[in-house]
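Quick one: the structure is below, and I'll ask about it shortly.
The letters A, B, C, D and E name the chains in turn, as written, and every chain counts its residues from 1.
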Amino acid sequence: MEMGIVVGRVTATRKDENLVGTKLLITQSIGLDGTPLDSQPIITVDTVGAGIGERVIFVKGSMASRAVINKDSPVDAAIVGIIDNLECEKFKG
Amino acid sequence: MEMGIVVGRVTATRKDENLVGTKLLITQSIGLDGTPLDSQPIITVDTVGAGIGERVIFVKGSMASRAVINKDSPVDAAIVGIIDNLECEKFKG
Amino acid sequence: MEMGIVVGRVTATRKDENLVGTKLLITQSIGLDGTPLDSQPIITVDTVGAGIGERVIFVKGSMASRAVINKDSPVDAAIVGIIDNLECEKFKG
Amino acid sequence: MEMGIVVGRVTATRKDENLVGTKLLITQSIGLDGTPLDSQPIITVDTVGAGIGERVIFVKGSMASRAVINKDSPVDAAIVGIIDNLECEKFKG
Amino acid sequence: MEMGIVVGRVTATRKDENLVGTKLLITQSIGLDGTPLDSQPIITVDTVGAGIGERVIFVKGSMASRAVINKDSPVDAAIVGIIDNLECEKFKG
């Protein structure tokens, strides 16, 4: 999984019928210090009630579909947790 | 999923029989402001009636095949929505 | 899927028994103008009779195995089409 | 699989119910000499009792879920071993 | 699949029980001329009796598990062939 911050929301009227009713949030990966990285933001399906500005855990690939109720959804990224706390140490080998 | 813009179309007479009848669109990833990124464009199967110049949501990997009618298609990327609106905020940690 | 050009061929006598009889072609990703990119070339299983120098469509990941006859083959990339024509437009947001 | 070093831990009260009880460790990829790389750290599910500072083997993608007891967990990265020893040679073609 | 060179070996006493008995080799991707690339080395399960210094074909992702005897192994990369010969041409579009 990755750490990310929810930065936006996307709406689509015309879409796959198995995506109807899903909340599509734009998530940006963050580093160990919580700051957004330069990587490309992705669209994640929210499954835990996340909001813009929240730091989240998201899953990518086919496993993301496990978090979604509709088991036919074509989903490759899903938010599966809201980060409470992130503690880390720096190592230099 | 990713945000992209449809930039072209590819045709192939000689192809896997399970791809016959699929519309293959070339899609370029876009950033939060809607502008195309430098990343490599990919070939996506259109499942929602997208056209060149439209901003779309596309799925990658094995989950893309869920959006395609022929369940034997060797498909690893599919357009699953047309973006109506994209709202986002900038965060700096 | 990605657009690529077949640039070579690899042979292996000692290999997984489910790869026996497969034609392994080295494919380099290409950009919208058809020129090879700097990305790492990969080994693709040919399923459409592609030859060196041809521009092709290839699938990556587990979906590649759908294009292969032997359903037990450990295959993560396959050529599934020969590109006839590629038309695209340039967008700048 | 990849080689990594466990650099932190993340906690999330609000999360997918199939993640309840999993230990989520932040892992940074390491190079052949054991030093952390610049790549983005990821969240891995610990399945072998790893601790901060330990060098580990981790699996990514859908196969990571094989290492987890709850077979419905939306998991795309898991620590599956603690590295005892890593021996390597340098090659220049 | 990718072309690589086996550069090392990793041992782990504490590991997932479905990895017991597997030979874990460190593999570095190589380019068309056979020289190692700068990309991150990965841990691959050997299924063909490869040794250090040999040039190999390896599979990544869930398909790698097809090459492994234990079908419950959490494996995302496997060596599936020893390269005998690699012939390629240079193209410039």
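Heads up, the rule we're going with is that contacts are C-beta pairs under 8 Å (C-beta built on N, C-alpha and C of every residue); 3 or more make two chains touch, one makes a residue touch a chain.
Fair warning: this is a prediction, and the values are worked out from it, not measured in the lab.
Here the C-alpha atoms of chain B line up with those of chain E after a rotation of 145°, rounded in steps of 5. Rounded to whole angstrom, the centroid-to-centroid distance between chain C and chain D, based on C-alpha atoms, equals 31 Å. With each centre defined as the average position of its C-alpha atoms, the distance from chain B to chain C rounds to 19 Å.
Contacts with at least two other chains are made by residues 61-62, 64-65 of chain C.
Chain contacts in this assembly form a single closed ring in which each chain touches exactly two others.
Moving round the ring of chains, first from chain A across to chain B, one meets them in the order A, B, C, E, D. Those residues of chain E that touch chain C in the shared complex are 1-3, 29, 31-32, 37, 39, 47-49, 57, 59-64, 66-67, 78, 80-93.
By the touch criterion stated above, chain B contacts chain C in their complex at residues 5, 7-16, 18-19, 24, 26, 28, 30, 33-36, 40-44, 52-53, 61-62, 64-65, 72-77.
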